[in-house]
């Protein structure tokens, strides 16, 4: 990495950006060189996405200069950045569900004939070639609606590649991916890097930083605070610079003897989604549900909680049969579900934090049929301080919080119901290391109090660090049930890819 | 005692943008000007049952001397008109009556019975005394049209009309497009249909326009009630032979005089009262407070150019 | 009413990652292409009515139906463009009314006005109305339902205040103009040909031009559209301009067809137009639909209208049946596509 | 965290509406000396009785990000049904109960189709708008029924004692209080806001979205039927076309009250103020002989202002903050 070319492809200096009274970025700096993968790190809300959106022409910075290939530029809109050769994969998917994959990739840049008409044949052919080269069996003319998150990510990547850009920016592209997809992404990134493309890579999974990147920029509170070569850093030193303190016990696994069966699932099936799912979770136990993206784990969780329908099967909570099909029934039986997509499923982003928190326990806050606003705010502050929520006031809309803090509000709103069984889907998706540590600590405390926890996670370190038992799903079936002591990455991955696990027979 | 000066008389038409009503209102305003009164026209832009009520209330608050109203609904306005009368405001209806307790006088274009019967007589002449016909009316709730249709059916019971058959009453809602489509449908649904009678100015012109572009032009009979200006082209090109109407301007004119006389105390509105109505001469109050403008005019190619309204 | 419809987690749409099987059940093929379903329903209706009343199948009647539907179909095409963007334009009826009267007055003022010029004038008035709507929605950031509900009132109010009790009669219009509705070319009324050309043009533009595809993109995901480099404001503005222009054109054609216009011309047809688009499978949630479907929707409603009269159904039944059919059309469309999704899910499970 | 809520001087639409209301009252007084008379105030209130009765549930529906365009048709249908039942010789109290039940059924139909099949309410209620209106013509055809018993119609047109308060308006007051409490301070009301701002999240939080929405449409059907009854009594006239076109006035009043068409935002206080303002302005301008045509334009402009004014205020505020923040950012470097 010493043969760094002298001039950066892209350089941002002294950029600042405020949203209303929130100073999202203050003196953000970045230099990106051709042929490198550059990690941009920082806590939730540090301003990484804001910086990306400035580079992409989405936001106009309040101050600062942007230099590309030695020329100072001003982007008024995203198309300017596209023309300057900057391709971006955003944190939130940006696809048109109603249009075909090909149209998604070429929107606004479709190949035209002499009369200005779109050449669909050519567009579809190009797209198909690209999808084949990415090794996925998708059809160019297929609608994006109904694609799995991983496939959606593939479309995003294809879109970025089709631009033949010399700068590729990826904002947490791996957050929703599991191992094989991540590997595929890394292979592509590596190929592009050798073709002298400059890549900016944002992630909260530090092991990926060491796998892929050559240099690092760390941000804190809207400012770039540290630059380094990746090889000069280690895990702890990065964490310390991001969080501003040391995190000692990362996976605070509590030592609890499992009690009675809290959650028992028997032969749960839903046509086309999952089949014959059976397992138990005891009180004081964390059971991880692992597998590839699209294996149907979230669907199982949603079915148990009554959000999705089931075709057959039974669920018992604390020994009582649970009537499936209505979340309200599940809540009353003592089940809580922290969903995987906090923005879509977890929060009403326009509503105040307090009202989000109280939504699950409205009936308990009622006095003579009326809601007490005071009790509501107290509840929110109480859970806020328990979970170390960073918020200006509980009256602020939940949407103004950073990702990790949003996750805490969702967690708080469910813990407020005092559940016996907690189902938590991707508890740390998109949240920073500091927040992760806090979430793990919270989970450990809950288990000590006797809660039964079913944790769905695509992050193997987290699974290995926190779970008492690991269930692995493949294409809608449970393929392995591995106790903590025997669990390792290889066995879980093998089961996730569909190989029958030698040691474990199907659970229960 | 003559008519007082400076009487405040308000016209409240069914709908302020209805062309027919505008002609009538203008006739009324002309009369009020002759009498040296203060006239005005207020009213809703939709023909709902209740939409006139807030205007009645306003006119009461404004202490008008008389209200001349063409009622959208025979009953909905009555309680409010009674309130007006209780405060000394004289109420005259024209064009479309209310229940008798709501008003003192009703200025009728011609008595409903003779309009209804007259339409059948005209129709019979035009189709040679036999054949199927349909009525294209305004809205299902239009009071005038419903009364006239009732009298048409009455007239049809006479033996000389035994061969004439009313096959359907269709509603064009006084909407041009709707009336047009209804006409078209009637022709499809009743292949033997020989005539359409449209006792509403919107309906007759829509029907005439449809027929004028259809192969049946010239043989099919369109008649009813319409204004000469609207129908002139169709009479000239042979689509329409004859139709009827009274002069709406004169109707408003007469109503204004009746109202002014009531408000001045020269008449009380009982049967047999007489009053001077400007250029229309002397008029007499008939049974149950009705004052009749006169028989409708039948327009045809020979006389249509003498009229302009 | 924007982003959070049930569909986000509705069952069914989830799993279609496998390439579709080569041969498909006829039912699936039919159901997938919603327009063909609509076409079948339309044909059934026509044949059914024709059996009951043979006169219905005459060329003359077909001509009349086409003439009736042509104007609504033009409005529906404009509405389609706007609805594709997840917007709505309720003001079309008022725009149509103002335009019809204005062009009529123009003929009164300048009796020798050439017909093409009158059409241009009408389109210009429509454009002005579309401009107001577009500006409110883009620069003023007023939700389109609110903006166009307001302009529905405002344009109509201006119309009332200007026209008052006035009326334009067919007599005041030059024969050349009325010829648009009465004259034929190749056996088809000129008005219908104009409408067909306009509809084909809009449909073709939506399918084959970047600008057209951008309407879909915006309705499908407005934020993603911005990120894809689409100038969303400009495009939305264009959409409202187009809808206004088409409403203006429809106003001119209305005048030619009906001859009589007054202050309340076209009042209330905005809901008919939305209904036609919805029946024609244009999603009120944006991103889905096309002019062909919308036109079929307009045709279907038009044919229903006239069928009921021809079948001698009491006038009092007509409105109830129409309303019921609108509900039925939306419901069956949805049920059909769900059934289809479940079907393909089963297939995957088995294969 | 959780600092006590600081004094918030931000622009609220309700405060703005209060100012506008006072101004319109002033305008009314200025334009006409009779404006503040008992009789006139009484007329003014009576005029929007039906609109208000339907606007209350409509507010809840729009907060939950749905819409019901069929209200006026349900109202018309109820009026027609009332006439038919009365003519069949049923006693009045029974007629009223049956009519209300029919309204509930109509609302239930809307609710079931929209919720159980997950269809957009805007499209479905355009359909039922036509359908229910069609039913009312089926029921009454071209008849108008007017011979309701005098003691009932007197209720429609008289005031409470000698005061200015029209008797039917008492129902509006009671309903307004009920609905305000329901929306603003019960669990049910809270869940409406949640559904309106993120239906999926509400569903995941254990709110029974389907049932809640069905309840809303049923409530709307009930209130529309009630409005139909009041209307019939006030005008002692049952007709198929009663209330035609009221739906847009109802929606306009709700939106002018500051309720967001996208759901999740707005309050009943705002809607009540909006109803009052529209009533006062209409009355005052009519007294001043402003034509109904101009009134149409005023309605449109009011509606527009309900979105434009807050937007502009917000933009001005944002621009000011932006200047301050930019200055801070420069200073920080």
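Lettered A, B, C and D in written order, each chain numbered from 1.
Quick note on the criterion: a contact is a pair of C-beta atoms (placed from the backbone, for glycine too) under 8 Å apart; a residue touches a chain by one contact, two chains touch by 3 or more.
Keep in mind the model is a prediction, meaning the values are calculated, not measured.
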Query = What chains, if any, are shared contacts of chain A and chain B?
reply = C, D
Note = In terms of mean CA position, the chain most removed from chain D is A
Note = Averaging C-alpha coordinates per chain, one finds the centres of chain A and chain C separated by a number of Å equal to 42
Task = Find the geometric centre of each of chain B and chain C from their Cα atoms only, then give the gap between the two centres in Å, rounded to an integer.
result = 37
Query = chain A to chain D: how many Å between their CA centres?
reply = 42
Ask   = How many angstrom lie between the CA centroids of chain C and chain D, rounded to a whole number?
value = 29
Key: Numbers and ranges of chain C residues touching at least 2 other chains   = 8-9, 160, 164, 315-316
Ask   = Which residues of chain A are in contact with two or more other chains?
value = 307, 344-345
Inquiry  = At least two partner chains per residue is the criterion; list those residues in chain D.
reply    = 137, 141, 197-198, 200, 203, 245, 291-293, 296
Key: Contacting chain pairs - touch in the sense defined above   = A-C, A-D, B-C, B-D, C-D
Key: Footprint of chain D on chain B - complex, ascending   = 16-17, 40, 42-46, 48-50, 53-55, 57-58, 60-62, 73-80, 99, 139-141, 143, 146
Inquiry  = Could you list, by residue number, the parts of chain C that touch chain B in their complex?
reply    = 53, 55-56, 60-61, 64, 68, 160, 163-167, 169-171, 181-182, 254, 258-267, 305-306, 308-312, 315-316
Ask   = What does chain A use to touch chain C in their complex?
value = 56, 58, 77-79, 82, 88, 90, 92-99, 103, 107-110, 112, 116-118, 137-139, 142, 145-148, 151, 271-273, 294, 302, 307-309, 344-345
Task = Write out the stretch or stretches of chain B touching chain C in their complex.
result = 16-19, 21-23, 25, 45, 140, 168-171, 175-177, 180-182, 184-186, 188-191, 202, 205-206, 209, 213-215, 229-230, 232-233
Request  = Would you mind writing out the residues of chain D in touch with chain B in their complex?
outcome  = 32, 34, 37, 39-40, 43, 47, 137, 141-142, 144, 146, 153, 156-157, 231, 234-237, 239-245, 282-283, 286-287, 289, 291-293, 296
